[in-house]
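Paired with subunit B in one complex and with subunit C in the other, subunit A is shared by the two complexes that follow.
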Partner chain A sequence: MDAASKSGRITTQSGPGALARFNWPGLATIVALIALWELYSRTLGARFGTIASVADIASAFNKLLFEGPLLEQLIHTLTVSIIGWIIASVIGLAMGAAIGLWRPVWAYTMASIDVLRSIPSISLVSIALMVFGFSSKMEMVIVVYVSQWPVLLATAGGIRAVPGSYLETARTVRLSNAAMTFKILLPGALPSILVGLRLSLTLAIALAVVAEMVGNPAGLGFGLVFSQQAIQPAQAFAYLVTIGIVGWGLNAAFVLIAGRLFRAYGPAL
Partner chain B sequence: MAMTHHDDVVDAPRQSAIAGKADLAFRCRSLSVDLGLGDTRRRIINDLNLELPKNQFVCILGESGVGKTTLLRVFGGLVPASEGTIELNGQPVSGPPSGAVFVFQNYAASLLPWRTARKNVELGLEASVGKAERQARALEALKQVNLSNHANDYPRQLSGGMQQRVQIARALALNPQLLLMDEPFGALDAMTRENLQVELRRIQQASGATIIFITHDVDEAVFLADRLIVLRSKPANIGLDVVSPLPRERDQVHTKETPAYLELRHTIYEMLRSRSE
Partner chain C sequence: MSDTVQQPKRSQTVPGQRGAAPLRGLLPLVAGLILWQLLASREVPYFPPPLDWIKSLDALRLNGRLWPALETTLISFFSALIISVVIGSVLGILLGRSALLDRLLGPALEFGRTMPAGALVPVAVLIMGYTDTMTLFVVTLTSFWPILLNVRSAARQISQDRLDTARVLRLSWWDTQRKILLPSVLPAIQLGTQIAAPVVLIIVLLVEILTQISGIGREIALAQSTFRTSTVFGLVALTGLLGLGVNWMISWSARLIRNYEPAGSGGSLS
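== the complex of A and B ==
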């Protein structure tokens, strides 16, 4: 294990250059899939009449971006996802910490939390629509409500799962309760919390798009449904690709930032 | 006890009585410990009395499962005593006392992986000591365990022996009067272990701390100890308590060839064997 972690360190700190580290085989697969899609859309797929070719999708994307509402919609979805995720993370962290740190809080709340978070998130959209109407407020409420749970559970569970050996270390060097919380429990739970934050981010984007599809007439989700109802396959696929890139991009940014911020935790993070 | 002591082997309780109360570091009286709940509750340690002076290296031996680790955890305030009293420098122990630090067997699980070696060593100083002094003390402690060059390494970048030395440095940085070590070298290879044994004796003599060192390795105990205590089971109590006739300066080759070493080793083995029969 020592040898493995040491070699991990070497690749992150003094590894080969960016060009050699780039995932060329991964890129090759993506290029191959695009080529296959192009082939399919021009042969077997053509008989549907609704399978757009890569070239058509690209030109629809171009048109939506420079002449259409794509940029505005992209900004809307990104804003709601990120702000909603941040609010959800703050709530989830605070509640999760309270639940993880105080046994009675855990005992009183955990059963309710298990029930609440088990409600499939999509079904809450109807309720939110009823209460808040077709609005960005509805979208934000859905995003925050759904994406708070992974952070909450990861924080509470992460704190509870901090090894007893760290706690005994803290006791033998006589840390205060506050020091125990901020120097042992929260840092010890951090890897788990980061997993929760990442799950929440994915959920935030998904729920923003869903809320836009069924409720709020704005954003990429609305653009997608609008194109579908207008039977504009190239446009619909262009929206789909955009949503995919948003999800991938936010996730990649998260991993990059977390890796930088918490370098102390090593390559395992 | 049906056993013959070598002439040099002095009964330790008698010797600490001679040393007098002024030098007393640690004392426990009528100590009993019960563990478990309800029907599974049973007595682990029964009516144990022990007095340790300052600046003594004490090794506690005993068969596996006899209660060595429990005893040490009670000494360190990590487990409460069921009956009796424990005092460190006249202060009753309830909870980890100031002046006593525990060194755990599992070094990998007791160092914080997100802190460098130096920051791990500083952990116990952060509440009481300013930043500059804290760093200086941490570096000094790391120097004592020959890890000056690894102050900024994370535990995962260090070998097992180095990690255990970081843990020892963390304890030393607090200037403890009592170091409680639970088989600290148990998971290390033979060569590393022998080097650390020599280092630990040097550190103990330099710091003047009393060390209570748990081990099940007779050779380790005989080499390290100023005083050896063998626990008998069950429940645990002191079966043998002797002062080592070995000189203060020891090395792995010559000390282990002296008649006094072999004699003491023989005595301890006989004791352990008679217990297991």
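== the complex of A and C ==
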């Protein structure tokens, strides 16, 4: 598998190979699934009245995009998720590094962190709602609080898992503490940190959408719940597909950018 | 004092070791809760002191609403978890053992996997209404991904030796699945379940909060909309305990599987 993906990377650059290597059967499956859905919605599904056909979903999407609030809501959700994710990453990296670098900090905080992060994120939305009201501030607080944990754990765990032989080498060549941190420990932890960053990006979008569904009357999550309550299946599906594309797109963008920036660590993603 | 004892050991214990966090790490949390209890003022209703949480939970219990809600939530949680494990394992083995299926379904699954958790809930409500089936459907559909992905990569990497052994022993198709494949992917199922279980709990609660039909989630949503802050904090702490219980249960199952794997696979082969 690894060898295959490596050779794949080489052919991507050479151009014509990419077209042949593209997963056409996979794309065909998606097209077939969409066609099946269309068929179902027009035959058996039609009697339910809540199964929107692909054509209806597409026209609802168009209407929402050009006459409705979709673009504004999309920008809202994207902004909150990305800014929240960045803040959470900075906090998570700093706290994770402190926990990973100093053993006493680890010993005296880790169990508390384990307890705090096992509180299901959704129940915290209710507390945030009471404290901050139905606002974007509430949404941001939830996104940051929940998505800091994966980065924190990945950073701390990654630093603590740097092989002992690296540390001994560093000691042998008498690296200073700062050099040790920035040349050995953090690069050693990078693959783990990247995985944590990716997980927390996924969480950030999910929690932004959930917070919008339950509390903040803005963004894609609100649009989705609003369509559901107004019994507008085509609209609801249009929102669902948009949210799916946002989740998929941000994930793909992260993998692409991180892959470019940290090419040497590619296999970790 | 304990720090000075540990200092010399540090170079040996820190690298590569990921033991369980020591219990003294609970100190900040406990200290924080005690400070909260002492400093919380009655005039600010947002942050009621921890002892009030317990009192309001007790009031809820006396109303006869706590245990039924807890029961509903736990039943939904365990049913959805079991369905997720079964679907995730079966699909994972299929995709891991069949390159064709993997290629066919790969992109569709890639899209489904990155779908932000929870977004499916309103659409499922719209189509299926407020039913238990809807809850199970939506929770399973959001949470079986980690199991699927872990099992798929484990099934891809099953050593040829093990499969050859099955051939030499002329095991039937069913016995090969049961005695060779399943034990080989069992650790992956466990790992996937470890990641999936908290998601299951979150989505169960989300469905309950959104639909307000039953369960702990409904109680949280009701208490929040009527601004009973100490009840909300109490219930949130309760869900935290549930989360801890889930984690504990899963790590216990990990130990069970570690004990089982070598003996089990050796036993079934001999």
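Please note the rule applied: the second predicted complex is superposed on the first by the 245 of 269 C-alpha atoms of A that agree within 3 Å, B and C clash if a C-alpha of one lies under 4 Å from a C-alpha of the other, contacts with A are read in each partner's own complex, and residues count from 1 in each chain.
Here is the rule we use: a residue touches a chain if its C-beta (ideal position, glycine included) is under 8 Å from a C-beta of that chain, and two chains touch if they have at least 3 such contacts.
No experiment lies behind these values; they were computed from the predicted model shown.
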Combined model on subunit A: subunit C and subunit B, fit or clash: fit
First, second, both or neither for A:I184, with subunit B first and subunit C second: first
Touching partner for A:P163 - first (subunit B), second (subunit C), both, neither: both
Subunit A residues touched - subunit C or subunit B, whichever exceeds: C
Touched partner set for A:L175, first subunit B, second subunit C, both or neither: first
First (subunit B), second (subunit C), both or neither touched by A:T50: second
Partner chain(s) touched by A:V195 [first = subunit B, second = subunit C, both, neither]: neither
Smallest separation in angstrom, by C-alpha atoms, between subunit B and subunit C in the superposition: 10
Subunit B and subunit C footprints on subunit A, overlapping residues: 163, 166
Subunit B to subunit A touching residues, read off their complex: 76-78, 95-96, 98, 100-102, 104, 106, 109-116, 123-124, 126-127, 154, 156-157, 159-160, 170, 174
Contacting residues of subunit A [partner subunit B, same complex]: 2, 5-6, 9, 163, 165-166, 168-176, 179, 183-184, 187-188, 190, 262, 264-266
Residue numbers on subunit C that touch subunit A, as the complex places them: 3, 6, 10-12, 14-18, 21-29, 46-47, 100, 103-108, 110-111, 114-123, 125-127, 156, 198, 201-202, 205-206, 209-210, 217, 220-221, 223-224, 227, 229, 232-233, 235-237, 239-240, 242-244, 246-247
Of all residues in subunit A, those that touch subunit C in their complex: 1, 23, 25-30, 33, 48, 50-51, 103-104, 106-116, 118-127, 129-131, 157, 160-164, 166-167, 202, 205-206, 209-210, 213-214, 221, 224-225, 227-228, 231, 233, 236-237, 239-240, 243-244, 246-248, 251
